[in-house]
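In the two assemblies presented below, chain A is common to both, partnered first by chain B and then by chain C.
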Partner chain A sequence: MLGGFYASVALGLTLVFGLLNIVNIAHPAFVVLGSFLVYAANAQWGVDPIAMGVILTPLFFLLGMATYSVYHASFEKRDNESLRGLAFFFGLMFIIEVGLILQYGVDYRLVNAPYIGKVINLGSVTLPLRMLVPFCVALVMALGIFLFLSRTYLGRAIRAVAQDQLALQLVAADPVRIKRIAFGIAIATACVAGALLIVINPVEPAAGRVYIGRIFAIVVLGGMGSVRGTVAAAIVLGIVESVTSTIYSPSWAPAVAFGFLLFALAVRPAGLLRR
Partner chain B sequence: MQQRRIFGGTRRFFFGAMLAAFALVSIGPAVQAEDDPIRIGFGMALTGALAGAGKAALISIEIWRDDINAAGGLLGRPVELVFYDDQTNPAKVPGIYTKLINIDRVDLIVSGYGSATITPAIPIAMNYDMVFMSLFGLASNEEFGYDRYFQILPAGPEPRIEWSRGFFEVAMRADPKPTTVALVGADAEFPRNALIGARANAEAAGLEIVYDETYPPTTVDFSPVIRKIQSVNPDVVYVASYPPDSAGIVRSVTELGLEAKLFGGGMVGVQFASLMEALGPQLNGIVNYDFWVPEPTLNFPGINAFLEKYQAIAEDAGVDPLGYYLPPFAYANMQILAEAVEATGGLDQDQIADYIRSNEFETVVGDVSFGANGEWAKSRMLMVQYQGIEDQSLEQFTEAGTRVVLYPEDWQSGKLIAPYSDAK
Partner chain C sequence: MANSLHIENVVAGYGAARVLDGVSISVSAGETVGLLGTNGNGKSTLIKCIMGMVQPTAGTIRVEDDGRSVDLVGQTPEQVVESGIVLVPEGRRLFPDLTVGENMMLGAYRRTARADVERNRALCFDAFPVLKERQNQLAGSMSGGEQQMLAIARALMSSPKILIVDEPSVGLAPILVGRMMTKIKELKDQYGLTVLMAEQNFHQASRIVDRAYVIVGGRIAFEGKSAEELRNNELVKQYYLGGEA
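Here is the complex of A and B:
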């Protein structure tokens, strides 16, 4: 169940980090930003959090495009993207966090929705809807991104940018524009992921940091830029964590999950599913 | 021409100002003792991880300053606060207190909020022999043994044990008596300490520990933890958690239908307005620690007047709108210091410390007296049970009866509803 949420966060990163090679360490901060906007709408007007997450995607798409434009103009164009780019995204992360603190304070925020606190029983298994609904939404979103990348012209162009930028220029397509759109889409998914996050757990401005390690691990495990791989890796990691917590001890869950990551990379260095 | 006139004006102004300054300096010393403010210095977490509580504490201290100034000040002198943002960063703290004492020349110091920023300030206070009033430092003075350190958190002389003593006392009141207990908590400083105390209390009560695990602070889904606990079927479940985990655990327990006689104990966060509002009826039945709740047995003189002032400011300041958990204690801390200053008739740190050590103080959080290590002489950790919570309004928590006090007996205001599933 947990894997679905991980997948929703990792999906955006797989586009940016896996396909465009941009180490967007601020991605979880965008997720938390999404959570807070969803919270604000929920507290003010009682809008369903996930619906609000979807409504906000165009806004986040534009935000992502703007972020990429700044990043491109200041770093990528001058060819010193790796380290300074990292610093840029670190800075961005802090700006988002501090902005949220100034606006909402440091308290934990939660949302209300009809499916929070309810369960469905499948035989002897009790499934909390609070986990099930985000899981389904994440899968639908992953399917959407997968179809977009494989079926549409623009999606294929994004994958082409990842493979050979020069070749793309030769067929008269603008790689920067395509990358900008891809970045926008990635940030838009962060918004939906933010809605899912606040349905699952209370959120505070710096909550994103908790997920940075896990999410990057999932992208790497999934095979750097493969949507199917990312979803598979996220679900596998979620299952490994849950099973370890249940059968052995919750303190070992991250250790076993990351041990599994090392093992998987040793056996399949290209990730679970190569793109 | 224009230029000159301005210049001339400035020169005249300077001359006048210098004269005035001379006049002030020459009569200064005579006036100082009468009108100069008494300056109280502290660092406070106004940004960073503890800023929510830090801001609430600052508001409370400012209310105290306004109250005392309205009543004619301290020793007949107005009170002025000198404070800096410590950014919840322990490394900043020694510098702040050194500056407060050496450069700002404050007369008195108090602590910021929380153990992380209190512990690094103690050596500085010791260096200058200053009395140090501490706001919620958990066993911070253990290593130093400083005799001018006084701590307002009502955990008593043995904080780790006292934190859960009430929970197990209440558990053993249930009929039939429980025989097994599950202990679970986050893998972090406070929960680990709380679990050490809980283990000792569980053993003292003769309970068999059937589950004893910690989980990493990054845990998102608590269903596996709760399922595992359900599989060993304990009578009592003790939880020591931080706010996000508390919310996750309460939700999972509700969703999965935990059957236990008693559930709760050391959950941080369920006392805060934001979580109480969001969790609402899911809190029913939980027995958890608290410091102050609006029950008739805890209606101390001055507390309601203080909360009224606090609540009027809190909403806009973006801090806990109810302010039951920390703010009254921040205010009481200052009351104690002020009473000691008035009683000793001066700012002699030696005399103030002696006075605080050997007297009982009437504050907005009740009567307080300190033991040898600067903690409360006798613990007043409350165990409260959430009862009859109907919806998610914040209003209901301001009324008596939603969090009834079960322990200690002196403050008891209601009866335990057990088992936990009945109270839900």
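Here is the complex of A and C:
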């Protein structure tokens, strides 16, 4: 169940890191930003958190396009992408975090929705709806992104852009525009992921940091740029972590998760599912 | 569709190195024109100028499209392709991690080509049945000859008004070069394409071109009005057919 949420966060990073080769370590910070905007709407007007997450996607799409434009103009165009680009996203992460702290303080925030707190019983298994609903939403989003990438002209161009930019120009597609749109879509998915995060757990401004390592691990494990692989890796990692925290203790969960990543990469260096 | 390409006095280079020194060529509608020359004489640079990948420092490049004249100088490659001039690039430049089918569909990215995507796909599969068989295989896993077919198919998916082919023989076994030339001619005859082909393999290229320019040191050294005239030219003999240097 946790895997569904991981998948929703990792999806955006799969687009940006897996397909565009941009190391956006601020991605989880965008997720948390999404969480807080959803929280604000929920606290103020009682709007359903997931609906709010979806409503906010156009805003995040524009935010993502703007972020990419700045990144492109200041780093990518001058071939400074790797290290200084990383610093750029690191700075962006801090700006988002500090901005949230100034606005909302460092306390944990949570939302109210009819399905939070309810459970359904399937035989001996109890499923809390606050886990099940995000899981389903994440899968629907992943399916949407998968179909978009495989069935549309724009989606195929996004998958091609890191492979050969000149060849893309020769089929009449502008690579910078394609990347800008892809980045916008990735940040839009972060907004939905943020809504899912605050449904699952209370959120504080620096909550994104906990996930950075895990999310990058999922993208790598998923085969860098494969939506199916990302979802599979996220679910597997979620299961491994849940089992570990039930059997041993929750503090072991990240260690076992990373051990699993190392093991998986040793056995299948190209990721769980190859592209 | 009356489309023709007119290049006049184009000068271009990289930094201080002048590669093209006043080149003028023209390609009329329905023609197959060869641009022949050995490596380093400016064939690829001229093609890059046409495609907007290199900007010439002087001269004009125009395309006549149903009576309208469009200036290509200063346009980006995307804009040149959008206007109907499609390149099969040297080295093929496929997307290796996408499937054959996906590579072809990317060819149809061009706005005006999207309406004809089904017709063009059928046409390409008809011309290259092997691509149909291998639709779901990754482009990077195919042989050189198959990749060249895919590169041509991807260009045809763009519904080109003028097709430019840069060095189709590079990296192919000699027997495949001949087949590739025959195929280009077949496609041209069947669909009434206008073709400009840069090639260093004189023998093979002269089989299919209507006429050709020989480019030496950044200038057009000779213009052959027919394949016959090309073969009998002293300069060509000297450069290609083992005459005295």
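By definition in this document, the second predicted complex is superposed on the first by the 273 of 275 C-alpha atoms of A that agree within 3 Å, B and C clash if a C-alpha of one lies under 4 Å from a C-alpha of the other, contacts with A are read in each partner's own complex, and residues count from 1 in each chain.
Just so we're on the same page, a residue touches a chain if its C-beta (ideal position, glycine included) is under 8 Å from a C-beta of that chain, and two chains touch if they have at least 3 such contacts.
All of these numbers come straight from a predicted model, not from anything done at the bench.
Asks: After the alignment on chain A, I want to confirm one thing: do chain B and chain C clash, or do they fit together?
Replies: Chain B and chain C fit side by side in the superposed model.
Asks: Would you sort A:Gly105 into first (chain B), second (chain C), both or neither based on which partner it touches?
Replies: After superposition on chain A, A:Gly105 lies in contact with chain B alone.
Asks: When the shared chain A is used to line up the two structures, what angle, as a multiple of 10 degrees, is there at the CA centre of chain A toward chain B and chain C?
Replies: About 150 degrees, rounded to the nearest 10.
Asks: Considering only the touch criterion stated at the top, classify A:Val210 as touching first (chain B), second (chain C), both, or neither.
Replies: First partner only, chain B.
Asks: A:Asp164 in the overlay: touching chain B, chain C, both, or neither? Say first, second, both or neither.
Replies: So A:Asp164 only meets chain C here.
Asks: For A:Ser245, using the defined touch cut-off, is the partner it touches chain B, chain C, both, or neither? Pick first, second, both or neither.
Replies: first
Asks: Under the stated touch criterion, which partner chain does A:Arg156 make contact with: chain B (first), chain C (second), both, or neither?
Replies: second
Asks: Is A:Met1 in contact with chain B, with chain C, with both, or with neither (first, second, both, neither)?
Replies: First partner only, chain B.
Asks: Between chain B and chain C, which one contacts more residues of chain A in the superposed model?
Replies: Of chain B and chain C, the partner in contact with more residues of chain A is B.
Asks: Quick one: smallest Cα-Cα gap between chain B and chain C in the superposed arrangement, Å?
Replies: Least C-alpha distance after superposition: 36 Å.
Asks: Between chain B and chain C, which residues of chain A are contacted by each of them?
Replies: none
Asks: Quick one: which bits of chain C touch chain A in the complex? Just the residue numbers, please.
Replies: Where chain C meets chain A, its residues are 51, 53, 76-78, 81-82, 86-87, 89, 93-98, 102, 105-111, 114, 154, 158.
Asks: Would you pull the chain B residues touching chain A in the complex into a rising list?
Replies: Contacts found on chain B: 47, 49-52, 55, 187, 213-221, 223-225, 227-228, 243-244, 247-248, 251-252, 254-257, 269, 272, 274-275, 278-279, 282, 318-320, 392.
Asks: Which bits of chain A are touching chain C when the two form their complex?
Replies: For this pair, the touching residues of chain A are 153, 156-157, 159-160, 163-164, 166-174, 275.
Asks: In the complex, go through chain A and note every residue touching chain B.
Replies: Residue list for chain A touching chain B: 1-2, 5, 98, 101, 104-112, 116-119, 126, 128, 130-131, 200-202, 204, 206-207, 210-211, 214, 238, 241-243, 245-247, 249-251, 253-254.
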